[in-house]
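Below: one structure, written as structure tokens.
Labels for the chains are A, B and C, by order of writing; each one numbers its residues from 1.
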Amino acid sequence: MKNLFPWLLWFVISAVIAGAFFYAPLAQGFIGESSRILFFHVPMAWVSFVAFIAGGVWSLLFLFRGRKPKDDRAAAAAVELGLIFGVLATITGALWARIMWGAYWNWDPRQTSIIVALLFYAAYLALRSAVEDRDTRARLSAAYAVLGLAVAPFLFFIMPRIMFSLHPQSVINAQGKVEVESRMVQVLLVGSAGFTALFFWIHNLQCRIQALSDRKSAL
Amino acid sequence: MIPPLVILPRLHFDDVRRRFGRLSVLTGVSGVVEPGGMLLVTGPNGSGKSTLLRCLSGLLAPDGGTIEYREMDGRLLDAAERRQRVGVVAPDLAFYAELSVEENLAFFARLRRVPPDRGLAVLRRMDLPLDRMAGALSSGMRQRLRWAFALLHAPRLLLLDEPFQNFDAPGERVARELLAEHLADGGLAVVANPSTLDFDHAERLDLGR
Amino acid sequence: MRNASTWAAEATSVFVKEWRCEFRTRYALNTLALFAFTTLVVVSVSLGPLGVSMSQGTAVLPVLLWVILLFSVAAGLPRAFVQEEETGTAMALRLAATPSALFCGKLVYGLTLVLALEALVTPVYVAMTNLTVVSPGLLAGVLAAGGYGLAAGSTLVAAIIAQARSKGTLFSVLSFPVLLPLLLLSVELTRLAVAGSPPGVALPQLLLYDASVTVAGLMLFPAVWNP
């Protein structure tokens, strides 16, 4: 089963790409083919969010369940991947914003939230690179990650109220109304699941690589 | 089966290991200190004497091995409790330069929730003026303040790293008296890097390679 | 083992020690005040003579006030922990102090610094920018609650970076994302205070933020402080 998983993933992601371009209809109210990018942008933004939570949870586990190095490795890997997916989500979002609204950046709540998430990731990684001792590094970055987890939810409640939103309220909604375009939903859901699985697969690889690297430096 | 009699307080550390990056400083160090006993840790520079003491005091977590310290109630203390129970003299122990000697001692006494009397008594024995600013102390006087700090809360275990550093003859004499009194009272001591190695009745632990 | 009343005495003695050292060196007060007033002068000179319309003023001035406060705090507060590590007194503290009492003592010290800063800066700022505040009571409340959040967040982040390298830049990098919700809420409430509108849902959210950061601080500080 383990050996099958990468192949399964390959198949799912390919299906998502194909589905994004050939299976799902174009969203109304969107310029040209530009809505296609959403099938990648939304899952990646979603994964970035998952990474944030995962990093926080592993950090909590590290601090309060025995300071296991594998929890620290998992947290760091989650944040690194979260940064990559977050940057990709930001770029795809900005490209799409340029097409739709003429400007790459509009400071609406979702764009601001992703930027703040990126700031957290970058801060976490900057902290890790500033501490030499392995145990201290794990401890301090885990504490920071949990602190981030504690304050970040506030942003989700504050932002929408403070800023006027240009972001489509519900992205899966093609016409800005309540009804839902089923094919788009299918591709989006499969895409989100696929990208999430991709995240955990790469995360697992990264943790194993880091574990080997740690063991090597201990010799 | 009747368990062997264990007299308290007692320090027992086993297979203590500590690495810094690629450098293995402690590679499985063990030892026991019984009441009234002193363990003298010897070895060349860089052999891990200070590291061992820091692990024993709870200021540094070892990578492996166990450190068991029990006081009179027989309970095993964890690292955080050990850290607050032991008396430490170390070369990097520093005090607040803007506060006087007495103010420093009073502050740490309040933190330890004990009256400052014992520390003040040590300072009087060592002839250190109480109103001098800690930042204006000579290195020998700073060492006296370290001893006062270490003995403030009447610890049962003393961990002394370079205990007589910068002392003049009178200072060292008083410090040795204090150590002897502590041991005679049933206390434990682990000593590293003393100026001379002439101690009677001291167990030795050599970390040399 | 250790009862509550002496825990409070411990925290108080940390607080007293901080202020005693501070009065003898005046380092933090000088840094905060100097930074705040320099920024304040820059802001007022840029806005004042050039003139700013009333509506623009209410939009912009609250933001600038909090920017001044944020950067002054970043300049002066981290020292509370950084200096302990750099002068080597942290070792004695680790041996003698109860972590939670130490954290609270430092936090209250940071809070009093921030409140003192706000008390100094805000009246001057309001005067220099000709800002009319319709609800001064709400403004005072926002400064208190927002100031607390600044102090609490900064104290914990300071404890974290004190054990790392490049502490100056690292503090700003780490604290900004953490303090962002606080700043947004405080700016919003300051705007409402200036305009005389009711605080609405923002005030409970600010207080909730303060509570969250405090709980997080108390929970995380022992892990940050102890090896």
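In the analysis below, a contact is a pair of C-beta atoms (placed from the backbone, for glycine too) under 8 Å apart; a residue touches a chain by one contact, two chains touch by 3 or more.
The structure displayed is predicted, hence computed values, not measured ones.
Set against the Cα centre of subunit B, the chain with the most distant centre is A. By number of C-beta pairs in contact, the leading pair of chains is A-C. Note on chain placement: the centre of subunit A and the centre of subunit C lie 31 Å apart, centres being C-alpha means. Centroid to centroid, with C-alpha atoms defining each point, subunit B and subunit C lie 38 Å apart.
Spacing of subunit A relative to subunit B, judged by their CA centroids, is 50 angstrom. Within subunit C, the positions touching two or more other chains are listed as 227.
Counting partner chains per residue, subunit B has residues 61 touching two or more of them.
In subunit A, the residues that touch at least two other chains are 132, 135. Those residues of subunit C lying in contact with subunit B across their complex are 2, 6, 9-10, 13-14, 17, 20-21, 24-25, 87-89, 91-98, 101, 226-227. Only residues 63, 116, 119-120, 122-123, 126-127, 130-132, 135-136, 139-140, 142-144, 146-148, 150-151, 154-155, 157-159, 161-162 of subunit A touch subunit C when the two sit together in their complex. Subunit B makes touch with subunit A in their complex at residues 19-22, 61. On the side of subunit B, the complex with subunit C involves touching residues 57-61, 79-80, 83-84, 86, 88, 90, 92-99, 103, 107-108, 110-113, 149. Those residues of subunit A that touch subunit B in the shared complex are 132-135, 217-218.
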